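Please find one structure pasted underneath; my questions will follow.
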Amino acid sequence: MSVPVVAADRVSKWYGQVIGLNDITVDVRPGVTGLLGPNGAGKSTFLKLITGQLKPSKGTIRVLGEPIWGNPGLYRRLGFCPEQDSFYERMTGLQWVTALVRLNGLSDTAATEAARQALDTVGLLDAADKKIGAYSKGMRQRVKLAQAVVHDPDVLVLDEPLAGMDPIARRKVIRLIKGWGREGKSVLVSSHILHEIESMTSTILLINNGRILAEGNIHQIRDLIDEHPHTVKIRADDPRRLAHAFIEHDGVRSLTFEEGAVVVETGKPDAFYGQLTQIAASGELGEVHEVSSPDDDLQAVFEYLVK
Amino acid sequence: MTRQTRFFVLGASGLLVLGLCTGLFAYINREAALAVAVDGPVEFRYVPADASVVAYANIREVMLSEVRERIRQIAPDDIGQNELQTQLGLDIEHDIDHVLAFLSPGVEGRPAGLVLFRGRFDTTRLEGVARAGGATVDTYEGKRVVSVDSDEAGSLAMVFMEPGLVAVGDLSTVQQAIVRGSTTSDITSNPNMMGLLDLVETGSNAWAVGQFGDLSALGFLPDEVSAQMPAVAAFAVSGRVNGGLSGSLSIEGRDEEAGQNLRDVLRGFLALAAMQTTDRPELQAMVDSLQLSGAGAFATLSFWVPSDALDLLLSSSDES
Amino acid sequence: MSTPTRSSVPAATSESAVAPAFLSSAWRIYDLSLGQMLWSRRTVFMAFVVGGPVVVAVILRLLVTMDLVSGRGMVDGRPIIVDGPIIFGLMIWGFYLRLSVPLLGVFYGTALMADEVEDKTITYLFTRPVSRGAVLFGKYLAYLASTGLVVLPSVMLVFFLVVPLLGGDIGSNFPSLVTDLALLTVGLAVYGALFALIGAWFKRPLLTGLVFIFGWEPIVVVVPGYMKRLTVSYYLQGLVPHAMPQEGLVSTILSILQANEVLPSAAVSVIGLGLILVVGLGLATWLVERREYVLEQ
């Protein structure tokens, strides 16, 4: 069997008295792997250990066969898109991605060219010379993706890459991630939304309370998910017109309004997301700015799983 | 690096380089600038308003000049210099920057004079040597004054005016200078003398200015000499020692008629000099460079001896 | 957005196969960080710290121009003469060496890594093929450049505004300007290295740094004994007499200090400052290489 992309052997991580990860042993194989778990489950801790930002309190983590902690040379083959929405706000997208890829040893010219290509890949070339501070949430997510892929890494680690994106950008990024998987790259992508993960891969790691609960094919837990309602919050120009369109959808169980947004509870998330993407693409009901999903529903699934 | 940052870095670096270049330029030309500054060197604060003659020499610049180097080649034995170095630890070439001296009317027909040396001095050693020579040390207005009695010249005194500045002169003049240093009444308040400074040529590293009317008041000029110069009111002589020698002498007559007479006399002197140097090529160049000018009450004689003519002059004097 | 084919993925090509060396990495970090430091939230503070002396110099110049200041006076019945170079020397001592340099050192030095951690941008630097030590060193270079590029021009302006006053001469004081600039650069470098270490070591580095420069240093320097050797200002003071004009008040102040044998020799100062610089940066690098930075969610 080939060397796993990521090999965690009895890894634990404590933050003082708080346990972040608890005795995890798992191998991540090439292709796209989803890391699914509610907020606070330990996803980010696991990804930070994989990307060498944290050192395991116990156990070992190897990436591409090498220990990652204190091994900066390995970052030539690793790209990371963090969860946090943090940037050098005064720089333009092009300046930022160029500056970061220069740290990979590229010359100025090569770095600029690679940055342009990366921004083009994530659909941000038109906004390359705009300051990041002026980017929308979706654009900020995409520029983070651009810096992760700009040096053409073998392994991509993406922490909640779709958070806050509008449906169209979400669909395109999902397509990108699947494409990278097909190209032979290893992609580890985290989310607390099963539907997102499912749209990218069928290989998942279920994590909760710092433990890996399950690993394997997504279909095994698919039915469980369907028994629990899925909540989607949509920020849009005209939430009321959107709500009117959703009422006719047979999976929708309830609708509530918040300032500039509508919150939908649906029993058929796949069909609902399909309809939402169509509406956003047509633009007939105004612009859809952001789609997010609280993890209460997933939490319920996990509570059921650990019973 | 963003464009804004690049502009800032370039701007700040540019400011830094500009400042350093300006400072360096001022440093290279520092003494020349001092010599012709309207306000004069800072030591003017010790010169009395009624001074009759004020003279300045930039010792350091002269010592570093090519002329000095040529003279050294001809006369390499700096006996006096060595003695100073041995006894006082004073290297004239490096330790003295410039000298300012003045004469002013004194009391009982004796002129008062003071020489101010700016440079780096081993004050302890100077004081020690003076003590060994019988000098006494007193404090006057917070300054240490080293004085020695002399039958011929009265009491001679040396005072450390401030770090890097030593004044030597008769005791009463030294004491007056100490007091003057803390007041605002000095030579800069004398418009006539400051006007004479304007006649000093730019870049001069040695100059002297004086008022003849006041010279007679000094009392040391013989009456015969004084009688020969009734028409002269003031003079300013300045020179620059570098690769060659250049300078000018400006004389102000008491009136326009006196000015015309002065120019006639000088013209005659030039003609005589030209005649007498026809068979002295080493002097010919210098005489040829003498230029007479002036209008009204002024007569100005300027000269310039290029370095090659100076070589000729020095080598002929060496042979003789 | 292009189709995700192989060609759509940016190819950093073979250039990325070779990770940059330490100095090259540090230089690239410097290039990235310089702008962040210059235009950070501390910019106003830095402008205030280095702009203050310039404003004072301008005011002084105006007062002298208007004959409101003569530079001559009496202290304890003794006449004193204060000219431009003396004022400049006092400003270098009082404003820059004792205030601006330590303050900039503490505010910027302790924040070398802290800013990136607080802004949560450290992740982008730590997931690139550069050592953490190079990140710290590059940011230290950026600190040195950003503070130097504001402090030194400020000194330059003050020099040209103040030195010509009251009979002072720019040309003859130029060597002292060059020495002062060098001294301030050394001060920024050494304080920066020390506070980089404090920033990497302590949980509240700014507070620790402020206590050091406003509590520890002023007290210990005047206390007889060996404790003063554990300060930066002690060694900087040892270089000051060689940089300051040897005149008037400055000379008096320094002679008082020297009389109490407070000042070390120039050689001891250079060695002491060099040690602080090397040990400070070395230890800071060692700590940063080993420390985990947990970003608050």
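Which chain is which? They are A, B and C, in the order written, and residues in each are numbered from 1.
Please note the rule applied: a contact is a pair of C-beta atoms (placed from the backbone, for glycine too) under 8 Å apart; a residue touches a chain by one contact, two chains touch by 3 or more.
Given the structure is predicted, the values throughout are model-derived calculations rather than measurements.
Fewest steps needed to get from chain B to chain C, stepping only to touching chains, is 1. Of all the chains shown, the one with its CA centroid nearest the global CA centroid is C.
Using the mean of the Cα atoms as each chain's centre, the chain most removed from chain A is B. More C-beta pairs touch across one of A-C and A-B than the other; that pair is A-C. Averaged C-alpha coordinates put the centre of chain A at 43 Å from the centre of chain C. Taking each chain's centre as the mean of its C-alpha atoms, chain A lies 84 Å from chain B. Shared interface positions of chain C, defined as residues touching 2 or more other chains, are 31, 35, 39. Shared interface positions of chain B, defined as residues touching 2 or more other chains, are 2. In chain A, the residues that touch at least two other chains are 90-91.
Residues of chain C touching chain A in their complex: 1-6, 8-13, 15-20, 24-25, 28-29, 31-32, 35-36, 39, 119-121, 123-132, 289, 292-295, 297. Chain C contributes residues 31, 34-35, 38-39, 70, 72, 74, 77-81, 83, 145, 149-150, 152-153, 156-157, 159-160, 167-172, 174-175, 177-178, 246-248, 251 to its touches with chain B in the complex.
Here chain B touches chain C in the complex through residues 1-2, 4-5, 8-9, 12-13, 15-16, 19-20, 22-24, 26-31, 33-34, 39, 42, 45, 97, 141-142, 162-164, 179, 181-184, going by the rule given at the top.
Within the complex formed with chain A, the chain B residues making contact are 2. On the side of chain A, the complex with chain B involves touching residues 90-91, 95.
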